[in-house]
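The structures considered in this document are given below.
Each of the next two complexes has chain A plus one other chain: chain B in the first, chain C in the second.
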Partner chain A sequence: MQSKETIVCRCEDITLDEIKTLIEQGYRTIDEIKRVIRAGMGPCQGRTCRMLIAQELAKYYKVPVGEVLMPTFRPTVKPVKLGTFARGE
Partner chain B sequence: MKEIEVLIIGGGPAGLSAASAAANLGASVLVLERDELPGGQLVKQTHKFFGSKKQYAGDRGFQIGNLLIEQCKTSAKVEVWTNTTALGIYEDGVVTAESQDEHVKIKPKKIIVATGASEKMIVFPNNDLPGIYGAGAVQTLMNVHGIVPGQRVLMIGAGNIGLIVSYQLMQAGVEIAAIIEAAPAIGGYLVHASKIRRAGVPILTSHTITEAYGQESVEGAVICKLDENWQPIQGTEQDLKVDVICLAVGLSPLTELCFQADCRMKYVPELSGHVPIRDEYLETTRPGLYVAGDVSGVEEASSAMVEGRLAGISAAYSLGYGLEAAPKLQEEALAELNELRSGPAGHKTMKGIMKLMDKGEVVC
Partner chain C sequence: MQKNANVVIIGGGIIGCSVAYELAIRGVKDIVVIEKNYLSSGATGRCGAGVRQQWGTETNAILARDSVKRFEGMNEELEYDKDIEFKQGGYLMVSYTPEEWNQYKKNVAVQHSLGIPTKMITPQEALEIVPHLNLNGLIGATFCQSDGHANPFHVVDAYYKAAKRLGVKFETYTTVTGITLEKGKVTSVQTTRGDINTSLVINACGYAAGTICKMVDFDLPLYPQRHQALVTEPVEPCQGPMVISLHYRLYCQQTPHGSFIMGVGDPNEPKDFNINSSWEFLEDVARQATTVLPLLKNLRVVRQWSGLYDMSPDANPILDKVPGAEGMWVAAGFSGHGFMVAPQTAVLLVQKILEQECFMPIERFSLNRFSGGNLVLESAVV
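Now for the complex of A and B:
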């Protein structure tokens, strides 16, 4: 068996260790973490990992999870093929 | 661009109830449903519902789903687009969607967001091994597609979903090694828990999973006991040989569209996450945008249907329909919601809604 890994973002295969390392390096928000490692940019668009990352940030900065800044939500809510846009309205 | 009076995003129990309620008052309605068939989570629910006759007590979930679909089909005022996912809500009120692989635009007068919720995941070593499922996914696999997920299951979570899915696995001939629950008490209804205990399945409270293991897929799991501070107690580890681990650790409201639409949001743990602030008739801080069902706070299908009806009536009323009938129908729906939430299980929701309505606190 390979080394034990704890996955936080299933779509982009990002581990808990990777997220913790980034937080220790000073990344303070879900959006910052997303920009450097792509967590939340896969098919599910962060539905699995967003609140798991929020929990890690809350633990590290000792704040309630509700105070962790949410990322910016933009259309589209799921990945769409370019061909779909090209064909459509 | 498609123009419509009331656009409903999501064809589950809340969305379908909203559709027929708005149509009954005279509004033209379009429902967008991501799946091939409407019905939402009801399509896989084979258990009987509780409550009163008004909330279809005694009927099974999928039968209620069929009834709601039928009501929409027979209404000339309701159109349902399946295989259609809403993609965005823009400042000018235009909603975009992917419909049968086409990109489409819709201009509604009112919007009801009834997108439901998604399953939560938890972190533990090897949590991506094949054989680890969400409980909802297992229920779909079994009750919709007729496929059992494996031979022997560890269920994580003793809320109603964990208990009901465990019982349905047992009915399908699958063995449940144990149900574990991190909290010190069972979260679901006692009637479900008792049935499972009578069949000899252990329900271990104050227990968590420490790791899953296996070469190609799950071969087992290690669980342990937690102390009163939710910390693992050394020496209490147990090794369970299972080929499926099922996660029933809660749901998160699917609120991306509400965030996008600039609804004011608030994190309310009792409602399972970030939810839009709304008035008692379910209109959010974005005028003309309503919410109903799990997206406005995770609860049960019974209350989702009543919330849907309330949002549907309110949206139609705001367009000038049902000027005589609507206020009375709104009060009836509000009374039903209060009744549904009056029991011990509804206490948490009531507390959450109180927090949500309190405008004094910090919002994000």
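Now for the complex of A and C:
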């Protein structure tokens, strides 16, 4: 797979190559990777990239994907306008 | 993990990482930073990311003023391979009540005496700086262009990498479980991954600093207070400064990335370690933000989170030795403004620990101010 051309986080345009580089530099969890490169911080909140990054971490550390620490799942579930909240809807 | 260290720093946030760097750059060897999760996983990574010099107490204003100079040259000083994203779009502090306006006047006098170039401006002038500001009821505003925003994750990452190059060891996902004293002196730190013998411990755990002090039977006068924040989708740059309204309890800024970050203080927040997000916050912040900045009603919220302020009795930090535990220091109680003053706070503390000349009096941050009734209350906290 062409890791320089493979997009892992579509919201923030992060490639597989960038993710692999961070893992090799010692960033150990999805949370750490998210904070230095914004993967998972876009409108979809990591729905696509979270598990892809988990797979890369699992491969690198030779652990089952289920053992990779998940980031906190935060509200809102989907993007909602501030005006909607302000009206108490 | 190593068995011995000259210094053990507990807490891998902005304070722990900057203190580690300032010690290492002054030639101290064998420094270990212990962090229970990952770096910046606590209050630092959850903060509003603002950097302002517009404070009401001289101490905060000096620390912030000198820290701004450090942020300005930080990428170069720390030889950072990324960018700390320091943007000096200013802070616009808007006033909607006469009491607030009087307090701002006093604060600005303090700032001017220290050479901080804050301007007192009319509502019309404020509108020129932030075109979508609500002028209804606005009395005036104060504005300081060199205030701004920096990315907390990258600032910590920059300090971490610089400290690591100087030989500092970082032990993440490691929790401190105890501290051993012999004849009143620190001799070792116990962790979930082994013990480290040391005679110098720096407690930089923010809201958890009290828990660490309890290990040596000292009751630190701190309490945790939850503060929530949210971030919106990114849009084209349209707001230069951070807008703060103490009356509406609101802070709101646009980051270099284009997203808006905002939060409100809740006066009824209980003293508690709870860091869950609440729906009440979403309605509260949305009402305040769309009142002060009506245009924002069209922005979509993508995420909310919360963190804990480490509140001290006068909302000012505690930088002192821990009584009854020789060799142990505490740097906590930043009360929601630790990130912006960290660069120079770390310098001040390290100068004191190494018995060098301090660039400002550190006694103002001592523990005995609480027993002596010598409180210096900070009025300008959101």
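One rule holds in what follows: the second predicted complex is superposed on the first by the 84 of 89 C-alpha atoms of A that agree within 3 Å, B and C clash if a C-alpha of one lies under 4 Å from a C-alpha of the other, contacts with A are read in each partner's own complex, and residues count from 1 in each chain.
Throughout what follows, a contact is a pair of C-beta atoms (placed from the backbone, for glycine too) under 8 Å apart; a residue touches a chain by one contact, two chains touch by 3 or more.
Worth saying up front: this structure is predicted, and the values here are computed from it rather than measured.
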Touched partner set for A:Val77, first chain B, second chain C, both or neither: first
Partner chain(s) touched by A:Arg47 [first = chain B, second = chain C, both, neither]: first
Of chain C and chain B, partner touching more chain A residues: B
Which superposed partner A:Arg28 touches (first chain B, second chain C, both, neither): second
Partner chain in contact with A:Glu5 - chain B first, chain C second, else both or neither: first
Partner chain in contact with A:Arg38 - chain B first, chain C second, else both or neither: second
Touching partner for A:Gly88 - first (chain B), second (chain C), both, neither: both
Intersection of chain A interface sets (partners chain B, chain C): 45, 74-76, 80-81, 84-85, 88
Chain B to chain A touching residues, read off their complex: 1, 85-90, 96, 98, 101-105, 118, 120-121, 123-128, 211, 213-215, 252, 254, 256-257, 259-260, 265-269, 273-274, 362, 364
Chain A-touching residues of chain C, taken from the complex the two chains share: 37-41, 45, 82, 153-154, 157, 172-173, 231-233, 257, 277, 279, 282-283, 285-287, 289-290, 296-305
In the complex, chain A residues that touch chain B: 1, 4-8, 10, 13, 16, 45, 47-48, 51-52, 65-67, 69-70, 73-78, 80-81, 84-85, 87-89
Chain C-touching residues of chain A, taken from the complex the two chains share: 28-29, 31-32, 35-36, 38, 41-43, 45, 72, 74-76, 79-86, 88
